[in-house]
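The following pair of complexes shares a single chain, chain A, combined with chain B in the former and chain C in the latter.
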Partner chain A sequence: MFELIQKSRRSGLSLIVLALPITLFILLCLSSSTFTRFENLANVNSQIAALLIASLGQGLVAISGGIDLSVGAVMGLTSAILVTVDPALAVPLALAVGVVVGLVNGFGVTLFNVHPLVMSLATMTVVQGMALAVHPIPGGTVPAFLRTMAVSRFAGMPAAFFWCVGAIVFAWFLLNLSRFGLRTYAVGANPISAGRNGIAVIRHKVLCFVLCSLSAVIAGIFLSARVGAGDATMGASYSLDTVTAMALGGVQLAGGTGSVLGVVAGVLTLGLISNGMNLMGISPFLRAALTGVLLLAAIGFQRRETIGA
Partner chain B sequence: MTRSTTSQTMAIGHMLQVSGRVILSLPFAYAGTVILLIAAYFMRPALLSPFLLLLIARQAAPLGVAVLGQSLCMRVLSIDLSIGGVVVGVSYILTSGLLPFPDPVLLLIAIVFGIAVGLLNAFFITRLRASSVMVTLAVTLIITGIAVAFSQLRSPGDAPQILRDLVRIKIGIVPLALLIWVALLIPIALFLRKSVFGRYIDAIGANPRAAWVSGIPYVRVVTVVHVMSSLFAVLSGFLLIGFVGVGSMDLGRDLALNSLAAVILGGVTFGQGKGGVFGPTVAALMLTFSFNLLTSLGLGEPAKLMMQGLVIGVAAAAYSVQRKT
Partner chain C sequence: MISFDKVTKRFGSNLALCEISFDCAAGSVHAVTGENGAGKSTLMNLLAGIFPADGGEIRLRGEPIAPERPSEARRLGISTIFQELTLLPNLTIAENLFLGREPMRGAMVNRRLMQERAREIMARLGSSLDVDTYCGDISLADQHLVEIAKGVSVDADVYIFDEPTAALNAPEVEKLGALLESLKAAGKLVFYVSHRLDEIFRFCDRVSVLKDGRHVETRATLSLTRDELVSLMVGRVLSQFFPARPTPAESAPVELGVRDLQVVEAGPKVSLALRAGEIVGLAGLEGQGQRSIIRALAGLHPSMAGEVTKNVAGEMKLLKLSVVETVMAGIGFVPEDRKTEGLYLPLSINQNIALGMLPRLSIWKIAPTGRNLIADLMLRMNVRSTSAGQEVGQLSGGNQQKVMIGRWLAAGINVLLLEEPTRGVDVGAKTEIYGLLRDFAHRGGAVLVVSSELLELLGLCDRILVVRQNEIVAELEGAGTSEEEVMQYALTGHAKHSQASPCLN
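Right, the complex of A and B next:
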């Protein structure tokens, strides 16, 4: 039972990963007249932008063989910082916090040998506590320039579109065109042989965690700017949503397999389901339950070697 | 310096070394409890009155019961984060009035619900080999999502009278809830120490691959452990609902994380499969006491969260480093 499971290609893309969002799109087009209107599509785009940015970071960590549950808490802390600190310092400070959280996660997992799930669960709790301490009650105003960057339109397209394109291009470049990407796949697939081939495994894994936390900070900046207010618990659902999106996109939690296209497909699937349920007037809490069902289904298909965590 | 004093100092040094090693090898919860009690003695001596200590112990009972299940899961290298979800589910079953049955039947339904959740978790973890953290988080998402969505149609009402009485009764000065906890604790500790099942758990925790190869009923043991964990969560939910008196969708929200923290503090290291039942139990008492201390010092929810996280992170890191050296 412990024999290696045959892995598909490195991208992890399968027909179902790509067919799922396309089918959903067609179904929504047919079932709802408001769905294809430009306002609604722009709305879907804004809704999924934060999830997409955070999921790309999560995907990076997953391909390198880890997982980061602190994404949502980092988004919350970012939001809390944006509305409490002097506008000129807010963004640099939030990014610095992201780097620190990423370093703590990364060093905990590599040097201290803590399971990534346990480690990021711990940082998630600490960071969430810090966010609530900084900004206990939702409110406040986000710096004006960020608000402009998140909600204005450019050449007829909503700003969210450009945030998404930027994030996708950057992640794609990182994973497919740079040495960094090649090393990430190598470390995730087999850290020992990666190390023997001269890759600084520890440094690389830490870097992946830092990039993931930074992407969470950027997602948090976008989301707070779009909402226009700070909320320390804003990201609560994002930790699991990013994992769900990633798993739906064929990224293997065991590491070494995944692609930017897959993550985008997974995020689109989740986003279209949310939007569809919204248009049909279904309770947002049932939507959370459905996310759970999707998560179960997606990870149920990822058979691993080991039983347990 | 004469020879005898040298050997004496050496002997004392050796004794210190040995005792140091013994203290280090004990679960952090023991030393932590002592430190907390000393801190409380200097900062808030009122907390140390027998009356308050018993109240705190009673308050720790739901966590303590949940910790029993969590510690079993972690000893077979699994994790159960669905404890909070189970409690919310139980709370809705018992208090919503959606199911028109008398209280005893409702309690029975809640227990069946717990078994079902445990089996569902176990199915995904053992048969489909999915990550236990992800599975149990997803199950929590599903249960709370459905319960909260339904609670908007029909809001939760009063807790069953049996449960409210159960937690109010005292025998002498000892609350019944505390006795229930102890009554669960001792047989389980003995059972795990003496039975074949307990040995299986230790074997799987020590080396899952070896346990698998040597024909230990791996899947069955992990399944039973997850069902037990969910059943303990149901019992923990009974106690919590009794304490609060009314149903709530917020009940048991931090139970999963707290139980995880208690188990790690109690010396059951994740990925090492070592540890007993008493360490986590002491840790449950310690955590509850520390939350009371934090509250009495005027520190609220954020401080509590930060402490939980720090405890999980630091304790897990410290154990892992110990194992490496």
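Right, the complex of A and C next:
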């Protein structure tokens, strides 16, 4: 573990990033008798699965030097599609929509030089509007097979657990073992240098946005299936939550720094705080307020440096 | 191997290259030289696939080529070592060496093979750096070495070295020389872009001189003398490269006094005094603390202890070392990287100079445009631009540096601290900058210079302070010392004892 932290130049991991979720876990164990119950832990797992899947995508975009605020809207549109379209077509259509949103974000940022914050804010508004137009009032039924995949138990473990493991393994492979990952770190640190090393920077960044939107679609599928109904505004809080989780996990918005382990730690921190406040009966509105404070704190404490000097 | 045939390149309305034609043979080191803005980097960038030519033809072994991307140039067998580092700080040395052409095992990067081959490559350059170190964690000189290693490790027929020695010290330059020899022996063509005359004569077989985007001449280096080459580059004979040093005035008042300055915790203490009218140089190997000292005085690097006093109207005033305080006291700092630390590239020359005058005015005062002052300055400094309203980002390196210095002159400072005053500046502008500094000193200013170009310090400075491990180990007369003597102190910290010559490599 210490070796991991030493390599923080790229992973962004620090003692705090890893200690935060562990400390929270211990505190919650001590303060609430219901926390350690298997039921509650399974519940926490289900609650954070969607956030984890979306955050891993957000993390990828962040490492490549961008940010994607449209993830929440994409989740909402996915949810709307799932309950309005023929069950056989729903999933492919949602994935296709994800690809299109990712392409639009990616090309806007690279070819038209729009700042990713502005670009994804624009697509967020468009996608959110479309989602509400398709499915204005929450309700409807999610295809049964999806619901089974999201809420059943396999070998005693909640299905959410397997969704999480799948997402983590995929992201881990992508970032740490594949050529794509290495190049993502390069593009994020300095796109001009990366280009001179023969990397197709535009294609790479676009691909990161597409993967991020796809992860939002999958997060949206899981969340709708878990809830069992379609809700166009379901993902509203996720755009900021994914960014907060990433920042808590030491991923730097400037690009080039971040890790899967960090994102997981950040998601756990946010998820445990949520669950803890829930157990203690604190208002969910305060939770939202706290997320903002956490984001600021995480960004403020990040050890930033000018990359590329 | 490579022939340029009437190659032309335009940037907007600006003709960067005009019908360049010359041939280069395999198994040789071919220097491409000229003043900055002469078009040598532009020409090489065409070959490296950074941008396409607008006219003419480049032929590789008789076949016309037009690489559109760096990766395409690489495929054609052209490998480039760029002037600006292209290393990524968050990648290890091994990863940087193979970025863009990673050895694969299935869908995974074959890290073991990558590390093994990286170690081989670095060993060939005589470097024992751990290839798993992040490039952001190694010194600038080492980064340049890795950059060179990266370019050389590509199996190519043509290698382009674009100002490879800008940040290298003497020992590394030696290693580079050996490397060039081995490439030449292997029958490769090496382009060596540089305006360091020493290296051109030591390393290169032939030299092509460009001036204002035109090809002046291609000759064998053996058939040229230094003076001939310089006059080809500049278009005039340089009788004197450096301005004459006046006889030192013993009684000149101390402008800046430094006592027991500590730039590293528990490190050695540094004391020095800058007198009005003199130019003092800080010499030493890369990363020995020269930079921290000058930056501490500029208020940019934290100092642990020490006392700095500045002559304000005849009285020595104690200074707090912060940027605001030093600027207010009349100390100007010209950083090594003027593009990011010094100038506002998108603003005009006017605005850049006017901005330097602002901090010393009350915040309520209307910002001065100072047209007369600026026009006068630009004339005096011979800034080559279309107008004072031109964007500084469009100027060549030498002219940018003049604007940078001009800004402080306009602000009325009388102590000038400079880091690498002529990095990326052509021969012609260099002399002009030296002249400006001497002129500034002559009017009663005091100058402190850090430079990795020893010859520059030897030619320019009245006194040279040699820094080694954050300590001043020697104070030498600029006119009376030699390259050898300074290097001796820089390497060992003491004067030569025996007759044996010091080992520079």
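Just so we're on the same page, the second predicted complex is superposed on the first by the 293 of 309 C-alpha atoms of A that agree within 3 Å, B and C clash if a C-alpha of one lies under 4 Å from a C-alpha of the other, contacts with A are read in each partner's own complex, and residues count from 1 in each chain.
Throughout what follows, a residue touches a chain if its C-beta (ideal position, glycine included) is under 8 Å from a C-beta of that chain, and two chains touch if they have at least 3 such contacts.
Note that the structure is a prediction, hence the values are computed from the model and not measured.
Once the two complexes are laid over each other on the shared chain, residue contacts for A:243 go to chain B alone; chain C is not touched.
Measured by the number of chain A residues touched, the leading partner among chain B and chain C is B.
In the superposed pair of complexes, A:288 makes contact with chain B only, with no contact to chain C. Of the two partner chains, neither chain B nor chain C is touched by A:175. When the two structures are aligned on the shared chain, A:119 is found in touch with chain B, with no touch to chain C. In the superposition on chain A, A:234 makes contact with neither chain B nor chain C. Applying the stated contact rule after C-alpha superposition, one finds that A:195 touches chain C and leaves chain B untouched. Comparing the two complexes, residues 305, 307-309 of chain A contact chain B in one case and chain C in the other.
By the touch criterion given at the top, residues 76-79, 124-126, 128-135, 137-146, 148-149, 152, 208-209, 212, 218-219, 222, 257, 260, 264, 270-271, 301-310, 312-313, 316-317, 320-321, 323-324 of chain B touch chain A in their complex. For chain A in complex with chain C, the touching residues are 7, 9-10, 177-179, 182-183, 185-186, 188-190, 192-200, 256-257, 305, 307-309. By the touch criterion stated above, chain A contacts chain B in their complex at residues 1-2, 104, 108, 112-115, 117-119, 121-133, 136, 240, 243, 247, 253, 283, 285-293, 295-296, 299-309.
Only residues 50, 69-71, 74, 80, 82, 85-91, 95, 99-102, 104, 107-109, 134, 136-137, 340 of chain C touch chain A when the two sit together in their complex.
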